[in-house]
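Each chain carries a letter (A, B, C and D) given by its place in the written order, and its residues are counted from 1.
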């Protein structure tokens, strides 16, 4: 089975300073991959690098076998990757429905099925479709953000700390949604601060520190590694 | 110290044209108009009138030779005007200046530049009474009367015509306010009633609420001290359109032919203006004829005073034989009685009389210009109505 | 060659350049040091000019002030008054982001202008104030001009020196830290609001002084002198061209812009007579274009802030 | 004073100037919201639009009402070009430099108008138009058209922003530019569209200002601060806010003469502006606080 995404020895950062010093990772189809690591490890940067938001000086990024290194975000969206940033990830002054429409901006005309698919995935949103996204709770916003990102049927979804600031109940709900999304055939790469919970629910995980790979493996495997537990997870 | 040499040689480094010295020294006049800034709309006609006078003088071939002139922008702003005056005096080497156009600009320019440098200044449009009180070493004159004269004369004329109750609106600058206050003092002292007395700023889109306020008190006549190519036109239009007031009276600033064209003569049956005139009515006609031939509107605001200012400067230069120190004295001599009367355009005659050493007395398009000790003209005025696309004299004003 | 005439012109230009240099230095304190977009320079200039005029001019009926005090007192009062009026304005407007601050300060300056135009009792209204004394005004023309030139540039040098000292002091370093990164500076425990207010007031006081120097040179003041175009915008262009954050740049900008502005009239005079009047409008166009060229090719100004390279991310 | 008088001489003129301010303020608020800077050349853009219409009326003998849409289109094009030449290259630099650049553009536009059309005040059509009475309400057709056109343009714009793909893209840019980019919204296209709308509406504002009074080269600059006040009063980025803000400023200016000397008519807009910044910087409609 060909991997969806391959990052090979990527080095780069914002401006002149490098933040990533050779990060490699792979995402396979129908897989949830999580990146964890201490603050400043370059987790979010690694993800943004995939989406063309980071200046890459070395290495390569391949999506479904095609090199996308240095592409512009809109080209990457068209190619089949969606990205949900950590903060400010909804259009607060637009309705839930309009947020979803913006997700399909590149499609020119939006198919009714796309909305149906999202509203089935997030039944909470259907009831609130005409509410301003800014008026929703944090968890609901995250759903709007994910829904928006899924409008164009991506094969890979990038989530930057989707559970940040959410209550445990919502965190669980988001994870469940991730599984549902995966089951529709979308691979997910996410960055998580809540390492323990994230490793517990993901298929595979990567541990990053100071901009390079430290460990990788199945989620549960990593959780059981005492070194990791000590280093990043506070026991 | 010799202030500056009369011969101006090449100033190539500054990008100036080299001029060769002729048998006579060239006379140089700076034309200082308010080309940019708040009265920019009036400047082109004023400058053109000044040029008309000097071109006529040059065509007549004065004994002092060709009068070279150059435009300077006083911007109706003291910084710009002093800068322009300094250039006019020191770089261009002006013997005299016509302008600056605005009182504020004039006060700054004469105080800090022309009076200390001993350069004669004749303004066609600076009306502030403050100019009267300047310690000017007899170097500052104007062909436009101080607001005081006109405002008072207009008040007397209206009372004489049986108008006892008026509302007064004025543009909030030295021109409008000066006239309004002089008018008010005289009108009330002579028994008239002023129901409303309001200033306004230029360039607002609507003056209807101002007009509604002015109409309170029941006056039928609106006295409007403003310019016919600025808020004065807007106010007049909105007043007529909305049926405020039955009669409108303005001062010389409102006497603008473009106003008649814009608003339509039929709508201006009850619109009157006062303006300075020569005692001999023919003077204005002579100027008007020449102006129309040159494609100028003789009734444009301050056009006649501008012509007179430039003409007087030219005559004074001729009389003083180009000697700058004698200019003020020469100006008084050519402008005031006694002497043979000279009307606008009579350059040949003036030239000949001066050559023979005879006195002349210039009777200008905008008045006789009998300067008083302060360099002001008392001004004689007439009351005008709109007729045949222009302004026709109704009566003299006292 | 009429060198004396040119010299007189140069002296006159020198005085006005000195006055604009003061304004530019004042604006540099606000914008260059503290990053405050004050678009109401004319307001503080006006307050200084009028106050010094009122302190030193002879009394006239229908106006409340006119105390014939010595010029030095007037200048000091001008600085104090501009500072005093900047305090409440700064207090309420400095919390805004820069564009809002610009709009608010334009509004304040316009209100000041309207008050000065309208309140005869206070300011002489549209007729303004005349009879203002000039130091060394009784000397012959050339000497009087020369003496005033010395006086003006004396003030420029004093202010420049004081600002350089202030900038080298901890206060100056703190100001730059605040401008570069407000959050970081606040986190460092600096009282950002108070420092910015200080810079605003200090800058305003210098602008007030410029107004006072101006008014005694002209010996008269009318509301037209505080036209935002001739005061606020010209000064901004000077500072941006010279190099904000650099006091020498602020002075250099004043020199260059005023020389170009003033001498451009000499050049446009060379145009044919038919378009001589239009040429005066083109001067304004040239100033606008110059600003664009500077922003395009030299956005840091001719003398960029030396010790400190600002990074454009 | 009767109620009718109040309406005829204070409220109606206030609403007319208010709708003119509103047309200008919409452009300002869109630029503020989407491009995130104060555009100081907006007033002079309105002046340019008014004079372009005058040029069409004069040279092609068009009716002013026919000249209006053409002038709007031309001004829109000019706005796009100005952005391309003078503002675009400053995109990545502090916004304040763009604000400075717009000041320079304001001066340049004004002197172009002065050179091309001269400084005399001019009118689209000469003569006097007396008002007709509609049950005591004194109105002129040009005022009705001003109000109706302004309302029509505003409704059209609001529908455009609400229902069309590019309208939504503009709102998205205004709301959250980063996210809009992530959605694949083309920045440049939205910027161009913003300038088209702002330029066209500025021209309309200038035109209506001109047709209700006279044209002069300072007309736009004189109205600029009132437009800014309207935009901020309504809430930055809010089209409906700009409209309400414009009407409020227009009304307050006219009503101010009841209590203040007329010289301070202009000051009322500035006072409202400063008060709103102090009390409620997000404006009536909860716009952005930049």
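Everything below uses one rule, namely that a contact is a pair of C-beta atoms (placed from the backbone, for glycine too) under 8 Å apart; a residue touches a chain by one contact, two chains touch by 3 or more.
Note that the structure is predicted; figures quoted are calculated from it, not measured.
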item: Minimum number of chain-to-chain touching steps separating chain C from chain D; value: 1
item: Best-connected chain pair, where connection means C-beta pairs in contact; value: B-C
item: Distance-maximising chain from chain A - centres being C-alpha averages; value: B
item: Whole-Å gap between the CA centroids of chain A and chain B; value: 77
item: Separation of mean Cα positions, chain D and chain A [Å, integer]; value: 43
item: For chain A paired with chain C, centre-to-centre distance based on mean C-alpha positions, whole Å; value: 54
item: Mean-CA-position distance for chain C and chain B (Å); value: 33
item: Numbers and ranges of chain C residues touching at least 2 other chains; value: 114, 117-118, 281, 283-284, 313
item: Multi-partner residues of chain A (at least 2 other chains); value: none
item: Numbers and ranges of chain B residues touching at least 2 other chains; value: 36, 43-44, 172, 199, 201
item: Chain D partner contacts - residues on chain B that touch it in the complex; value: 36, 40-41, 43-44, 172, 198-201, 203-206, 208-213, 216, 229-230, 233-234, 237, 240-243, 258, 261-264, 267
item: Sites on chain D touched by chain B in the complex; value: 1, 5, 8-10, 12-14, 16-17, 20, 114, 118-121, 123, 126-131, 138, 140, 209, 212-214, 216-219, 222-223, 253-255, 257-258, 261-263, 265-266
item: Touching residues (chain side chain A, partner chain D) in the complex; value: 51, 73-74, 77-78, 83, 85, 88-94, 98, 101-103, 105-106, 108, 148
item: Residues of chain D defined as touching chain C within the complex; value: 32, 37-38, 86, 89-90, 92-97, 99-101, 103-108, 110-112, 114-115, 119, 225, 228-229, 232, 261, 263-264, 266-267, 270-271, 273-274, 277-278, 281, 289-290
item: Contact set on chain D toward chain A in their complex; value: 165, 168-169, 171-172, 174-176, 178-186, 237
